[in-house]
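Listed below are the structures to be examined.
In the two complexes below, chain A is the common chain; its partner is chain B in one and chain C in the other.
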Partner chain A sequence: MTPVEPLDTTTAELLERFRDGKIPGLARAISVVEGERSGFQSLLHTVMAGGPQAKRVGVTGPPGAGKSSLVAAAATSYRERDERVGVVAVDPTSPYSGGALLGDRIRMNDIAMDPGIFIRSMATRGSLGGLATTTKEVVDLMDGFGFPRVLIETVGVGQTELEITAAADTVVVVLVPESGDAIQAMKAGLMEIADIFVVNKADRPGSARLVKELRQALHLRAGSALKDIPAHHGVDLGQAMKKERTTDAPATEPEGWSVPVLTTNALTNDGVDKLLRTIDEHRSWLEESGQLEVRRRDRAEGRIRDVVNRELMRIAWRRDEVVDLLREGVEEIAGGEETPYSVARRIVEVLLR
Partner chain B sequence: MSDERKIRILVAKPGLDGHDRGAKVIASAFRDAGFEVIYTGLHQTPEMIVNAAVQEDVDVVAMSVLSGAHMTLFPRVKELLDESGADHVLLTGGGIIPEDDVAALEERGIGRLFGPGTPTTAAIEYVREWFAAQNTA
Partner chain C sequence: MTPVEPLDTTTAELLERFRDGKIPGLARAISVVEGERSGFQSLLHTVMAGGPQAKRVGVTGPPGAGKSSLVAAAATSYRERDERVGVVAVDPTSPYSGGALLGDRIRMNDIAMDPGIFIRSMATRGSLGGLATTTKEVVDLMDGFGFPRVLIETVGVGQTELEITAAADTVVVVLVPESGDAIQAMKAGLMEIADIFVVNKADRPGSARLVKELRQALHLRAGSALKDIPAHHGVDLGQAMKKERTTDAPATEPEGWSVPVLTTNALTNDGVDKLLRTIDEHRSWLEESGQLEVRRRDRAEGRIRDVVNRELMRIAWRRDEVVDLLREGVEEIAGGEETPYSVARRIVEVLLR
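On to the complex of A and B.
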C-alpha cells in the first residue's frame, strides 16, 4: 500500500493506545482527525487499512423529531443483543460565535455508563450537509476501533442536508406528526434518501395520517400510486391500470428495496424492536443485492475526491505567488481592468505551470 | 478550516439538586465565546461526568454545585479524572462555595471556583488564559 507520510512519534504512540483498545486513545484520535491536526492522514490511513467492517446506520430528521432518544433506545436494544455500539451525534456550530452547544448526551444518560457504548458529540464547524466535515472519518475510526455497529445522528435537518448518505449504509429518516404533511417530505431530499421512514411520537394525533401520506408518496415515487385507492365511481383504478404495467411492485426502489414506514415511541420503546429488525432486513438486502458494495465504492470515490480537493486547496492558497495574484486581482477588479474570471484564469495557469 | 484549536468544555451538573439555571447560563456563555460545550443535563454522578469527559476528550470540566456537596464532588471528580489518565483536564466550576472551601479545593489541584454574581466573562477569560498557557508551554 502507498504510504501517506511518515508517522511522527506522537501519532505512533496514539496509534498504539488505539490498537490496544484504550478508550482515551480512541477519544484523542477523534480529536486529532476532527481538528485535522498533524498526523491525521496517516492515522486514518493506518486505521482504515482493513476496509469497512461496521454496520453504519444514519438517523436524520427535523429538529425535535426524537433522533437522540431513538438512537439511545436503539443502542440499548443493540446492547441487549451484546453488540458494542459507537454513536456519533452532530449538533450545529453557531455561524456567529463559532461555538456550539452539544446536547445530545442529555437523551443518552441511561446508556452513557455502559462500557460497550462510546458516544462522541461533534459540532458541524461550518459544514452544511447535516454532518461535520470529518464525521465520516470519525465513523471510520470507531469502525477501526472495533465497534461492529455505529449509529450516526445528524443535526436537525430541513430539506437539503443530505450528506448522511455518504456516511451510512442504512439511512433512517425520523419524522413526527408535527413535521407537516408528506408534501414537505416529497419536495426533495428526505424522500429520496430514506431507506426506512419512522414516524416517532406515534401516540400523538396525526401520526396515522402522516404514515398514510408517506406510504402514498412512496407509491408515487415507485409509480404505483393507485394501488391502495379503493374503487371509485365503479372503476377500480388499481385494477384498470394493472394490465398496462408489467409488474405490480409496491413502493420499491429500482433495485428492489421497498421503503417501509414504521411507527415508534422512543420514550416507551414501542416499535423500536421492529425498527431494529427492519434495519437488519435492509442490511441483508444490501449484502444480497450487491448494493452494499455499490455504496461502499461510491463512498470511497467521494472520499478520494474530498481529500484531493482539500489537499489541492491547501496547496494552492499556501503559495505566496497565488496569494499575491489574488490581492492584485482584487485591486484590478476594483479598477475595472479585470473580472474575477480573468484573475482566476491567471491563478490556475500559475498553478498548472 | 481554521487553524485555531477549539476549546472543548463539559458543563456538568452533579448531584441531586435540580437547580440547573446556572449551568445553562454558563453553558450558553461558553458557546457564545466560541467554545464547543457538551452539556449532559442534571443529576450526573462523578463517574458519569468523567466518563463523558474522557469520551469527548474535553479540555475543561466545569461543574455547577449548589447543593453544598462541593467538598465531596470536586475531589471525587478530580480523583477519577486522574485515574482515567485525564489529569491534563482542567476541573473548574461554580456555585455556593465558602471562601475557605475554595482555598482548600484549590490546594487539592482543583481550578478556580466562581461564586454567585461572577460575570460570565470572568469564567470565560479564566478558561481562555488557562488554555493558552497549556498550549504554549
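On to the complex of A and C.
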C-alpha cells in the first residue's frame, strides 16, 4: 500500500488504544480528525485499510421532522438486541432551532450512558452546507472502531440533505405533514436519494395524504418517462401526476428496490420495528444486487476527490512563495494594477508549473 | 496588468454590450459567470479592472424575518429618488419555505418591470451553505455594470449568514421577535458581522424586548472584556449580562461606529427611510475611517483564495493522468489494496511535483 505519511509516536499510541476498543481512544481519534491535527490522514488511512464494514444508515429531512427522536428510538431498539451502534449527528448549531434540537438531544442523552453506544454531535462548518469531509471521516472512524451499525443524522436545509448519499449505504428520508407535500419533496430531489421514506408523527392530520402522495410520486417516477426529468427544474409534476392512474402500489426502481413509504411515531415507538426491518431488507438487497459495491465505489471516488482538494489547498496556502504573491497581489489590486483573477493566475502557475 | 486568458470573440462582443449598459448584456454576462463558461474569468477580470465602485449592502437574517420585503421596500425608495439599484437574492430553493419566499418574490416583481432596477435570484449550490464564489462574482458584475447600489439578500441558516461579509461593505442583520433572543444572536456570531441591526415586524409582541436585549448585548460587547470571547463557544452571556449595568446607549466599536438597533415594518414602510439614512451614515463612516479600504482588501484576499482554489480543482481533475489515477485508485480501494488517503497522496504528488 502506498504510504501516506510516517506514523508519529502519538498517532501510533492513539491507534493502539483505538484498536483495543477503548472509547476514549475513539473520542480522541475523532478530535484529531476534526481538528485535522498532525497525523490525522495516516490515522484514517490505517483505520480504513480494511475497507468499510458497518451498515451505515443516513436519516435526513427538514428541521422539525423528528429525526433525532427517530434515531434515538432506533438506537434504543438496537441496544435492546445487544447490537452496538454509533451515531453521528450533524447539528447546524442554528440559533433559530436551538430549542427544538436541545429537546431531542436530551432524549438522546437517556441512552448516552450505555457503553454499547457512542453519539457524536458535530457542528456544520461555516463554509459548508452539506456534509463536511470531516463528518464522513468521523463515520469511517466509527466504522473502523467496530460499530456494526452507524446512524448518521443530518438536518436538511435546501439541497444539503442530498449529500447524505456520500456517507450512507441506506438513506431514510423523514417527513412530516408540516414539511410540505410530495411535489415539494420531488422538486427538492428527495425522490432521488430516498431508499426509504418515513412519514413521522403519523398521528397528525395530513399524514395519510402525504403517504398517498409520496406513493403516487414514487410510482410515477418509477413507471413513466418523467424519471428522466432532472430535479430542481421546477417542473409542474402535479399536473403530470393527475394524468397518471393513481395506485398505492410501491414504485419499483430500475435495479429492483421498491422505495417504501412507512409511517412512524418516534415518541410512542409506533412503526419503529417495521422501519428497522425495512432497513435490513434494504441491506440484503444492496448486497445481493451488487448495489452496495456500486455505492462504495462512488463513495471512494468522492472521498479521493475531497481529500485531494483539501490537500491541494492546504499545501498551496502554506508555501511561502504563494503567501508572498497573495500579499503583493492584495496591494496591487488596491492600487488598481491587478484584479483577483490576474493574481490568482500567477499563483496557480507557480503551483502547477 | 497580468493577462488572465485571451479574450475570445464571443466574450469581447459580450463585453461591448455590457459596457454599453444593455441589460441583456448584463443578464448574459451573469449566465456566463454562473455557468463558468469559456472566458468567464477574463470577463470578470476586465469588468473588475477599475476596482469596486458600488455601495454594497448585505441584508441577512433567519428565514421569515422579512428580508425580501425589506429589500423590496429599500429598492423602491431608491427608485423613487431615481437611483439605480441592483439586487442579488440568494434563494435556498428550500422546499420547506417555498411558500413564504414566493410571497416575497411576488412583491419584488412589482418593481421588476422598472429598467432602473435589476434583480437576480440565485440558487444556493448543493455543495455550499454560504455564499458561492459565483454569487460574489455576480455582485461584481452588477457593480461593474454601473449600479451605484447593490443589495445582497441572503437567508441565514446556521452560520452561513456570516459569509455575507465577504460580499458587502455594510451588513444589515434583520431579526424578528420569533427568531430568538439576543443571546442566540450573540452565539450565532451575528454581533460580529452586523453593522446595523433591524428588528422587523416591529408591531409584533416581543419586539421592544428584543431591541433592548440587542442594545444591551452590543453595549456589553463594546464595553467589556467579553469582547475577546470567541463566538460559538456556548458561553452563557446571559449570566454575564446580568452583572452589567444595563443602558440603552448604543455600543461603540473600537473603530468608532456604534452599531444601531433600528425597528422597521417593511410592509407598511415604517422605519425604512431611517434605515436607508443609517446605511448612508455607515457608508460615510466606512470612507472616512479607512474601514472601506480595509474591507475591500480583505475581500480581495478572499477572492484570490477562492479563485485559486477553484482553478486548482478545475485544472487538477481535467488532467488525464489524474483521471487515470482516480479510476485505478477506486479499483484498488475496492480490492483492499489502497485507501482514499494513499490514492489522494499519489494524485497530489503528481500535481505538485
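What to note about this one:
Here, the second predicted complex is superposed on the first by the 278 of 353 C-alpha atoms of A that agree within 3 Å, B and C clash if a C-alpha of one lies under 4 Å from a C-alpha of the other, contacts with A are read in each partner's own complex, and residues count from 1 in each chain.
Throughout what follows, a residue touches a chain if its C-beta (ideal position, glycine included) is under 8 Å from a C-beta of that chain, and two chains touch if they have at least 3 such contacts.
Since the model is a prediction, treat every value here as computed from it, not as a measurement.
When the two structures are aligned on the shared chain, A:E337 is found in touch with chain C, with no touch to chain B.
By the touch criterion stated above, A:G35 is placed in contact with chain B alone, chain C being left untouched.
When the shared chain is aligned, chain C comes close enough to touch A:G329, but chain B does not.
In the superposition on chain A, contact of A:F118 is made with chain B only, not with chain C.
Of the two partner chains placed by superposition, A:A12 touches none, neither chain B nor chain C. Which of chain B and chain C touches more residues of chain A: that partner is C. After overlaying the two complexes on the shared chain, residue contacts for A:P24 are found with chain B alone; chain C is out of touch. Shared contact residues of chain A, touching chain B in one structure and chain C in the other: 93-94, 98, 123, 125.
Chain C contributes residues 1-5, 41-42, 44-45, 48-51, 62-63, 92-96, 98, 123-124, 126-130, 157-160, 162-163, 179-180, 184-185, 187-188, 190, 232, 293, 296-297, 300-301, 303-309, 311-313, 315-317, 326, 329-330, 333-334, 336-348, 351-352 to its touches with chain A in the complex. The part of chain B that touches chain A in the complex is made up of residues 1-2, 5-6, 8, 27-28, 30-41, 44, 47-48, 51-52, 54-57, 84-86. Residues 23-24, 27-28, 30-31, 35-37, 93-94, 97-103, 105-106, 109, 112-113, 118-121, 123, 125, 133, 310 of chain A are the ones touching chain B in the complex.
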